[in-house]
Amino acid sequence: MAERTLTLSIGPQHPGAGHFRLIVVLDGDIVVDVKPDPGYVHRGAEKMAEYRTYIQNIPHLERPVIIDSSGILFPYVLASEELLDLPPPPRAQYIRIIMAELNRIISHLYWLGIYGVFVGHTTMFLWPVGDRELFIDLAQMIAGARVTFAFFVPGGVRNDIPDDFPDKAIKVCNYYEKRLKEYEKIFFYNPLVLKRTQGVGILKREDAIELGATGPNLRGSGVKSDVRKDEPYSSYDDIDFEIPVYKDGDCWSRCMVRLGELYQSMNIIKQAIKKMPSGPVKNAKRGVLKGIEGEAFARTESARGTMAYYIISDGKPYPYRLKLSVPSFRCLSLMKHLLVNQHVADIPAIYWGLDYWPVEADK
Amino acid sequence: MSLAIDLISAINQAIKNLFKRRITLRYPEVNLDIERGYSYDPKAQVGIAGYKGRHILHLEKCTGCSLCAIACQNIANCIAMVKLDVSYPQNKKSIFPQIDYGNCVFCGFCVDACPFYALFMTNDHELSSTDKKSLIMSPLQLSIPPVKKKGLVQLEIDDRGPYHK
Amino acid sequence: MMGVLVGKLSEVIEKVVDEPLSYVINWGRLYSLWPVHLETACCSAEFGACHGPRFDAERFGVLEAFGSLRQCDLLIVFGTVTRKMMPRLKLIYDQMPEPKYVIAMGACAIDGGLYFDSYNVLPGIDKIIPVDVYIPGCPPRPEAVVQAIMMLQEKIRRNKAIAIGSWIRKKFLKKG
Amino acid sequence: MSLTTERERALLDKIKAKFEDVIKEKYVKPKRIRIDVSPQKIFEVASFLKALGFNQVASVAGTDYPSSNEMEVVYHIVAIDNELRDIVFALGERVSRDNPIVPSLTDVWKSASYHEQETYEMLGIKFEGHPRLERLLLPEDWADIPPLRKEFKLPGRE
């Protein structure tokens, strides 16, 4: 048996793997064993956080997942607000929702671009990556950068939205909702894509919960779980939206969940713009911010799933310990479960279907 | 039969996309119109939306308090206070920030830290260089406003798709 | 007498052979800068955008080559190089054929950036491989990447690909 | 958002009724409960929590306390798709720093596996019964002490 197998390293210099290595053991073209080897971008964010104040921590904490940088910062500001006793004003909460949803769209479109390439549909790289620029421009209007915004701070957001933002955002959303219909026609219901994704990499409902799947991967397995509904943070309980859930648990369901989320995110942005109250956007305190002694745990729903921070403070301006729990790291346990006994040709479809972002997992 | 329908719908889709507009920004000839840079109002303690590009230093307002350097110390450690041969009444020691763009991450927290309206950000983002040393910008270089670019365009949307105008 | 002759000869060769040949070779190199697909960190997301329809780096001959290292002549280091990635980066650089060019993209690749005090990050890639162009930013805008590529092309254009004339001068004039 | 803690209290009482003298209540906040258990009893408490409906581990955080010569491991447990879905339950345990060995909870929650491996690597806490305690994120040639211990200093810092 041992002689007949072949060990294959996919990554770290491989277009399909990114900054990550997947050690695959093959028998013929069937995968026998899989060992994920992360850590190529481990930069020690948790240790660095112990040397930086609550404000100085913001830039480096959003780097692990720059395509969803608001999503990773959201629980951090929630947890540090609890420790610093700085509740955000209502307008800031709506601006945060808009930024988080814009980022969800940006992140999903980037994923869709890469997924398109890896199931052999190059048009689906060019369309989403091009249309993603519309939303990047919107985010840049508010936060002044293309991807790394450093926009959320404990106590609110750094600046108010510009006056011409609401009109432009609604225009872009209306255009893009129409455009997504074309995406469905050309990609999601394309016979080629259906052949490559339907019935491939099936994750059953019980396994998904047991192995710790989260976010779209969990919802693709028929579990209705979303932190925005389970434990509404910020102002999500004022907004009316749905959680797309698909039952089959294969790659195609995970794609469709993300497609549904694109529609829902635009819906949320439109509602938030309408419901946004006026008022200040930041609850400021002068001087160096010091945390009260204690601990805080906050979780939010980022583009890839539940993002959580656990911060322990000992009354100093620096956190005593900061633990960052990211959804991509939880995907590691799914890989072996999904890839074993599949064909080699299905590895890209399954691996990228999980939306695993290696930098995020490595922290 | 179904194959024929699929084929026709595919061709139809392709023809429709022939008449779409192009989103490509012809970069060196035209530039994206970013109106202003990020600035901060220390009285209201809130920022004013804008692009976070390279900094601009108003020498006549900088007091050399080095609050920007302290704010940056643990973030990217790229601001150093250097002595200049100019004399301004508000800056007795004549020290001004010098920024190393090899390290700067354009987060703008130094702008938030400045209480004297002296340090803001501009919309200039083209800083590539073949030499590492020329990435370090002295206070005098920082005080020069960026050159106004030619061929400014913005992203517009109409029925035929997004395009630059 | 001999020295003057050799000097004249080398000048003529420089004008007639070196310059036109260099121009042709450089022209070939300029518009076929194929980058290695090595993603070291998060800046690769912006490089993806750079290859999207909006900025379209392919206009400048930079093809996102999904091919072998033996065909690549440009190494763009997208951000942070960790201690685990460092040997791999060196290996990839050594495997590339000459001539090869390196672009350091982002603050982490230039100087360590945000991670200047991290225990697992290499502060600046120019400690292990030579760098031609630096792009500041965290991450840089796609326009800045395109600008860096144009800068690199300018550098290649000025480069003397063939130098028979100066070789003759060095070889014969020193002795004579 | 409700700011009462009645549900959380009722839940905690249910656990207290079973493990009266084993658990130590640390705090009860809206939607957050934290209890401390000794490492010997944590397996039983964890099994009971899973039976209650907490079926996924969101994070395993290790913390180093050199002042009291102890290390702490906190499991943050969430409930997926049942009526406890809005509560995050924190289950903590403390061990001596000299010989940090705690039982692994991978048999209760499979989702704890990679989190425990990371905690082992970053703090050197050994999880007894874990299927693979090996290198994960750090480079292969790492020979220093685990980086998240407090005596490990970043280069150039005090």
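General observations
Lettered A, B, C and D in written order, each chain numbered from 1.
Rule of thumb we're sticking to: a residue touches a chain if its C-beta (ideal position, glycine included) is under 8 Å from a C-beta of that chain, and two chains touch if they have at least 3 such contacts.
Every value quoted in this text rests on a predicted model; they were computed, and no experiment measured them.
Of all the chains shown, the one with its CA centroid nearest the global CA centroid is A. In terms of C-beta pairs in contact, A-D outnumbers the other of C-D and A-D.
One simple way to say how far apart two chains are is to compare their mean CA positions; for chain C and chain D this gives 49 Å.
Look at where the CA atoms of chain B average out and do the same for chain D: the two points lie 43 Å apart.
One inter-chain figure worth recording: chain A and chain D are separated by 24 Å, centre to centre, where each centre is the mean of the chain's CA atoms. Chain A and chain C, compared by their mean Cα positions, are separated by 34 Å. Along chain B, residues 23, 75-76, 105-106 each make contact with two or more other chains. Residues of chain D in contact with two or more other chains: 138-139, 147, 152, 154, 157. Among all residues of chain C, those that touch two or more other chains are 53-54, 82, 84, 114, 117-120, 138, 141.
Chain pairs that touch one another: A-B, A-C, A-D, B-C, C-D.
Chain A meets chain C in the complex at residues 12-15, 18-19, 39-44, 47-48, 51, 59-60, 63-67, 110, 113-114, 125-126, 129-130, 132-133, 136, 146-148, 359.
Residue ranges on chain C touching chain B, taken from their complex, read 53-56, 59, 107, 110-114, 116-117, 126, 131-138, 140-141, 143-144, 146-148, 150-151, 155. Across the complex, chain C meets chain A through its residues 36-42, 44-46, 48-49, 51-54, 66, 69, 80, 82, 84-85, 88, 92, 114-115, 117-121, 138-139, 141. Taken together, the chain C residues at the contact with chain D in this complex read 82-84, 117-120.
Within the complex, the chain B residues that touch chain A are 6, 9, 13, 23, 34, 37-38, 45-52, 71, 74-76, 105-109, 112, 121, 155, 157, 162.
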